[in-house]
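What follows is a pair of complexes built around chain A, which joins chain B in one and chain C in the other.
On to the complex of A and B.
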């Protein structure tokens, strides 16, 4: 058994490191933290669906895309540049889109659920690609630097803005998203989701309305993805349809498998390792997907619990584990 | 009259699984349904619990038609069931399993931001049921590591946690070793009394259990009620003994269908 303080101590250390990083680490690595924090938010939501409810979405890039394009549309077309407004509208837009999509998808499970989410993702991707008057087609759209907490941060050049105010803003959003998700998984609702993951037939016989819970989880997860997507776009200053492409959804699944979906913290670790590993591999070898494909194969075969699974104390086998 | 079925018929294509079954369950009754494989027991259970709508006929629970209403609505109305093949949540602990049932019964499942750990009412009730079923010392273990008998008890315990008025047990002792069967039944009947459960219906193959606990026995044969009477009368009924029970044979340890 790990002592009770192990997790809080680890979190405190990670939190302090994250706060100090812009002051100590090379700028390049600080900028790499930005996509990590954005994906961190996405993955927290994704894992509510995957790790806690037992549904694998292959179309989560749809909601990342909604979040990112919300920022672009608001800042370029509508002249609204407050990040708080962008995040709020992104969350609302995702909820509005996820309500009908989710209501349909959660009637199916396993591969059918996955394929249906994939299909909706592709529909949105095609919309972004073909309706170029609104979306800019494959060129995408520009996204102007958002105001943070009402300030333009005019005295900061782009890099200073990103490694300074924007870094801490992202960190705060990630911390808040983590806290809220922590509460959700530890709530009666979170427990009901886990009963559905483990055995939907039994859950229903206990009076738990499976489709409704899955639907709620789907919507929460979509809102998280959109908030993450809205955080992801400003550092590049541009959005394009690949944000909503299915390979992007695949990356999200990969990150969760890498970190370990059985653990609350696994997805965050997965996002972190993915971003930094991708950067390292790309700098020495242009075909990073080749390396990542091999990593995925090794993971699934030798470490299905992901990186967190390597740390987790093994459950004591007390009896035959049949059934 | 808590549960009443009138002239139930159910067909799967050309095959007639239920061919005019009528029965009624009164309050405070322990009723066993027996019958050979293919007699229509599983279909009857599914119709009685609203999982399958009958092709013809009606099922009424507390006067309300429950034909095909589904498991969630059934649980809300106050009827619970367990399954022939044990149904557990493998990665949830014993306590979490029971807490989930309490949460569902109290309608607190959609509390998204409340703390489960801080909900003393839920915790206390789950612990109480664990105690009742002798599972308290294993409350922190994940269900998958429990021995088979305890899994069965947990399955039943979680259904009891809903505090139903009536419970339908589909082979409560199947998969449990002969030596443990009576212990399981004793715990179950004792817990039923403590929880205030009024009526129990069970489908069971083990004739020791059937005759040891029932107030009334309903024998099914080829989709019809062959006999519906007290254990003593059933034992004296030559047709039932021939067609359902078997001469001198106990049908314990029946193969899973």
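On to the complex of A and C.
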């Protein structure tokens, strides 16, 4: 039995480390934190669907793409560069797209849900790829540096901007997203989702509108993915259709599994380990996919509970045991 | 006008012939093992590169260019034996797991095989050179079609007929259908599931690698060709119905021909049209056009 203060103490330590990191760590590692924080937001939402509701989307890159392209369209085409506006519009755009897509997808579960989400993701991908007059085709679009909190941060060069204001901005968004998600999963709504995951028939008989709740979870996870996508794009300054490609969706599932889908913190750990391990592997060996494929195979076969599952005091309930 | 139409249709049917090979492998594996194999596209890419290497070796050692199709097909089929390794080494551990994990394991294969291809054959596109037109062109209704395309279409048809004969008329086929229908019952009646799974998966893999080898004279091999094809094969099996061989056949024709028409009429629509049909089919008839029949 862990003492009650173990989790808060761990969180405080991680939070302090994250705040101090730009002051202490080499710049390079600080820039690696940016995609981690963006994916962190994406995965928090994704796991509401996967870990808490029991639905595995293979098309979540659709919403990451929506978020990232929102930033590109707003900054380059419309001249709107406030990050707050970008995040808001990205969230709204994702909700508008997810409402019909989700309503159709949640009518199915298991492999059909996965296939339908994959198909929707590919629709958006081909749209981005083929309608180059609007989207820039396979070259994508440029994304201008967003203003943060109304300021252009003109005195900062690109790196200083990214490891300074943008880093703390991302950290704040991630912290807020974590807090909101923590409230969501601890709420009666979150409990309903877990009931639906464990026993949809019983949930229905208890009066929970199963499709409606799945739809809510889908919408929330889509909004999270778009916010994460909007955070992901500015550091590279460019968006392209591979953001919405199905292998990107696959990597999102991979990250959640790596960290552990049965734990609230697993997805964040998964994003962190994925980004930093990928960088380490690529620095010594150009074929990172080979290594990561092997890691994923080992995880699936030997440790389906992911990294958090290895530390868990109790065995993680596997999806197969949920029936 | 007719000439243009025939041209478009023949292009579509050629693509459908290739798609059918890959999709039938996917269907066979899904029908029996209930695993949706995302790596079937990677096997297709593997077959393409092995075919190129086999042809290069053959012509490099004085083989007649006119016979290039023999090493091409053999190279494709031979590399399909990697299916045994994958099934025995990885998949057999996850048969009783949730399908999410099965799907992710095949995704792990997609990641690994793409890099294996890059490591072995490099990242530059590879091709068989000018052998595509080694058999000349045939004139059909005012247009010319490479004879090679006709050979591939005929071979794919022959394989379709052969498979329906194997599945419908032989003891092996009856066992496959029984296992697809009810695994426990088949096992209780003495079917060796281990051996069957290994054979079925290898057969499915070989169909994919053969498809990759046969397509390659008409195009160039790239390391991403696998992940691109899987989404088309996916469209084929959804339209036709998961696990159904007839579904693979009809689905391949639908996808191949529609894509060809879309490219010639309004190129932007190309795959968009296919995915919209996939979504329509999933919503209107999730079992696909032939979904009820297993294997």
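One rule holds in what follows: the second predicted complex is superposed on the first by the 314 of 323 C-alpha atoms of A that agree within 3 Å, B and C clash if a C-alpha of one lies under 4 Å from a C-alpha of the other, contacts with A are read in each partner's own complex, and residues count from 1 in each chain.
Methods note: a residue touches a chain if its C-beta (ideal position, glycine included) is under 8 Å from a C-beta of that chain, and two chains touch if they have at least 3 such contacts.
None of the values given here were measured: they were computed from a predicted structure.
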Contacts of A:10 with chain B and chain C, given as first, second, both or neither: neither
First, second, both or neither for A:194, with chain B first and chain C second: first
Which superposed partner A:254 touches (first chain B, second chain C, both, neither): second
Which of chain B and chain C A:207 touches, first, second, both or neither: first
Chain A positions touched by chain B in one structure and by chain C in the second: 318-320, 322
Touching residues on chain B, where the partner in the complex is chain A: 70-72, 75-76, 80-83, 86-92, 96-97, 99-101, 103-105, 108-117, 119, 122, 141-142, 144-148, 151, 155, 158-159, 161-162
Residue ranges of chain A touching chain C (in the complex, touch as defined): 56, 58, 104, 107-108, 110-112, 114-116, 118-120, 122-123, 126-127, 130-131, 245-247, 250, 253-254, 257, 287-290, 292-294, 296-297, 300-301, 304, 318-320, 322
Footprint of chain B on chain A - complex, ascending: 180, 183-184, 186-192, 194-195, 197-199, 201-210, 213, 216, 315-323
Residues of chain C defined as touching chain A within the complex: 36, 38, 90, 93-94, 96-101, 103-105, 107-116, 118-119, 227, 231, 234-235, 238, 242, 267-272, 275-276, 278-279, 282-283, 286
